[in-house]
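What follows is a pair of complexes built around subunit A, which joins subunit B in one and subunit C in the other.
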Partner chain A sequence: MIELTHITKEYGKRKSLNDVTFTFEKGKVYGILGPNGSGKSTIMKMMAGLVYPSKGIVKVGEKKADRKIASNLAFLASEGMLYPSFKIDQMIDFFHSQYSDFSMEKAEELLVFMELDRHQKVSQLSKGQQGRLKLLLVLSRQTDVLLLDEPFMGLDPMVRDTIVKGLVSFIDYGKQTVIITTHEITEIEPVLEEAIVLEKGQIRAHCNVEEIREEQGLSILEWLKSTFKQEDVS
Partner chain B sequence: MSAEFKTSKPIYSQIADRIIQQFVRGELSPGEKLPSVREMAIQSGVNPNTIQRTYGELERLGVVETKRGQGTFMTEENDMKRKLRLDIQQEMIAAFIENMRSIGLEDREIHESVNRFLKEGESGHD
Partner chain C sequence: MLKGLLKKDFWLIKTYMLVWLCAVVVIYAAGAGFASYHDQFHLVFPFLMMLYMGHIVMLPTAAWILLKAEEKGQYWLHGTAGGKKLLLSKMMISFFVTMTSLFVTNVLMLISLMISVPLPYFPLMENGSFPFFEGVLLNGGITLGAFYFTLWGLFLWAFYHSLTKYPVLKKIRWVIIIAMYLIIQTVIARITEWKMVQSFFNQWTIQVGLPESKFETYNAMSFSFTMTGGEIQVWPIVLGAIYLLILFLAAGWLLDRKVEV
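Up next is the complex of A and B:
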């Protein structure tokens, strides 16, 4: 369980997050949606303990989120996770040496699944291969919380599909709390249980994905558009 | 590639529809074991909780049976396939008639048009 209690983050005068309160329940898959600059990445970094709130409290499990939280939380950052001079297997060994929950067995399975060549250098990988390697590194860990910040950014539809399949195959459902920020809603929708819409640093809406289809006959993308349209009119 | 889903219906019930159609077409036999929740989730590219719901719904309808510790199986009840085929027929006819009426056809005209089509086949319209 992750609890955000009245969190605000200020960068100078600008508020990246403004009095956000929300509880992510254990074992569910959440999507955080919203335009650029809505505070998606800030919220993720905060839960990962990499950024501290100006006001409010972030708790992961029973602990306050700080740098040490990483021992029980895997974070796929949108930038700067890979070392260009490393080979893929060196990247894997490095993660293995840093995290005691890193499973070499899972990493081997994922190497095959993601069709990666262990001898290739990170600097020589395509964007799609880098995206797959990043996912391999976080999915090989056995943590209670998995945070994926823009896992699809800059990737073509085929790679996005592989990544969705990888998530379905390797997430520990019911045990791992998974939070994904993305713009590629259509691809990820069948994997999500709950969706949250962030705008201008605040939570604008929160819904259960299947309920929206059942009650309103809308996909999340359509729901998102209708939510924003209604607000614009009023 | 994962299958695409329509927005008008919950994903769990679209997967249930698919399984029923496969059963009616004979691609799934009575008593056949279905993939585990996990396998089915991976095949369809959806959250396993969704498949759990699909199987629950199919069980409620009597289309599948869950045997403890063994998995989920298509029903062996003889009448089920016939019943499901009738249900699907009804649904398809209802949708067809609604469409025809919405473009202003009388029931008599729908009748004639269907008869003509069945006699001449699709080629008759070219």
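Up next is the complex of A and C:
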């Protein structure tokens, strides 16, 4: 369980997050949706202990989120993360040395699934392959929480599809809490259980994907359009 | 965990290290070629001294290369190791690279001395003893200087990045860190000039009986290297070490608490 209690993040006068309170339940898959600059990455980095709130508290389980929280959760960052001069197996080796929950067995499975050559250098990988390698590194960890910040950024539809299939195959549903930020709503929909819409640093809407689909017969995209249309009108 | 960090940092700098070691050999070969062309082999020594002095900036440069590799996204901060351990790994690998290069330079210096000053004129070798003490002093001085700049560099780097979250200060971060360095250095320099401080420093000294080494005139060239015994103040060394340790700890603390991504 991840608890955000009255979180505000200020950069000078600008508020990246403004009094956000939300609880991510254990074992569910969440999608944080929203336009650029809505605070999606800030909220992820805060849960990963890379950004500290100006006000409020972020708790992962019973622990306050700080740098040490990395041992309790796996974080896929939208930038950085990979060393261009490393080979894929060196990246795997490094992650294995840093996280006691890193499963080499799972990494081997994912290498095959993601069709990656362990001897290839990161700098020689395409964007899609780099995206898959990042996912491999994160999914190989047996943690309770997975934070995936823009896992589809700059990737073509084929790669996005592989990543979604990877998530479906390798996420431990019911045990792992997975939080994904993205713009690619349609692709991620089959994986999501809950969707949160973030705008201008505040949660604008929240829904259960299954309920929306069954009760209203809407996809998330349709729900988003109808919700914001109604709000704009009112 | 530290082992993994060390391995990672070594992989990050391995290519740079090999290029640098090749450069050392090339610079030496250029010096040796130049000296041989003029038929005066001692002309290789300025090249060697240049290489020695280069090591003062080598340690901070190696550390800077390693830090630069982490700057994009600063993802390295998301890990199980704390700031101090992350920086310690960088320091240890930078130190290893510098020591390797210093060792190669020492070997080249020794070879050059043996070529340039044959045994009868090379009293230390003639006595059957290696110029160990002088070597330790030279290498030690270079290493200490390099450590000083590196630890200051680490601290200022961490301080620089900790200012990122203040948009007002972001554009003038360079000015702030330069001003900070100059102010601290000036204050310390002034304090050490005080009579009271000097008399405190003189309370703990050790007598160092340095062996006297002298290379006499040889082959129309004249260079001498004489070292005599003297007193060394211990307090400035102890306080200097504490000062550098504080800088290191402060850099680690900043990395953990103040640097945000």
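Following the convention adopted for this analysis, the second predicted complex is superposed on the first by the 234 of 234 C-alpha atoms of A that agree within 3 Å, B and C clash if a C-alpha of one lies under 4 Å from a C-alpha of the other, contacts with A are read in each partner's own complex, and residues count from 1 in each chain.
Note that in this section a residue touches a chain if its C-beta (ideal position, glycine included) is under 8 Å from a C-beta of that chain, and two chains touch if they have at least 3 such contacts.
The model shown is predicted, which means the values in this text are computed figures rather than measured ones.
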Subunit A as common anchor, with subunit B and subunit C clashing or fitting: fit
First, second, both or neither for A:V58, with subunit B first and subunit C second: neither
Contacts of A:V191 with subunit B and subunit C, given as first, second, both or neither: first
Subunit B versus subunit C as contact partner of A:F94, first or second or both or neither: second
Which superposed partner A:E210 touches (first subunit B, second subunit C, both, neither): first
Which superposed partner A:V164 touches (first subunit B, second subunit C, both, neither): first
First (subunit B), second (subunit C), both or neither touched by A:G12: second
Which of subunit B and subunit C A:L218 touches, first, second, both or neither: first
Which partner, subunit B or subunit C, touches more subunit A residues: C
Smallest distance from any CA atom of subunit C to any CA atom of subunit B, in Å, after fitting: 28
Subunit A contact footprint on subunit B (complex, rising order): 1-2, 5, 7-12, 41-42, 44-50, 53
Subunit C residues within the subunit A interface of the complex: 1, 3-5, 7-8, 11-12, 15, 69-70, 72-83, 165-168, 256-257, 260-261
Of subunit A, residues touching subunit C in the complex: 11-12, 14, 45, 48-52, 66-68, 70-71, 75, 77-81, 83, 85-86, 90, 93-94, 96-100
Residue ranges of subunit A touching subunit B (in the complex, touch as defined): 29, 161, 164-165, 168-169, 173-174, 190-193, 210, 213-214, 217-219, 222
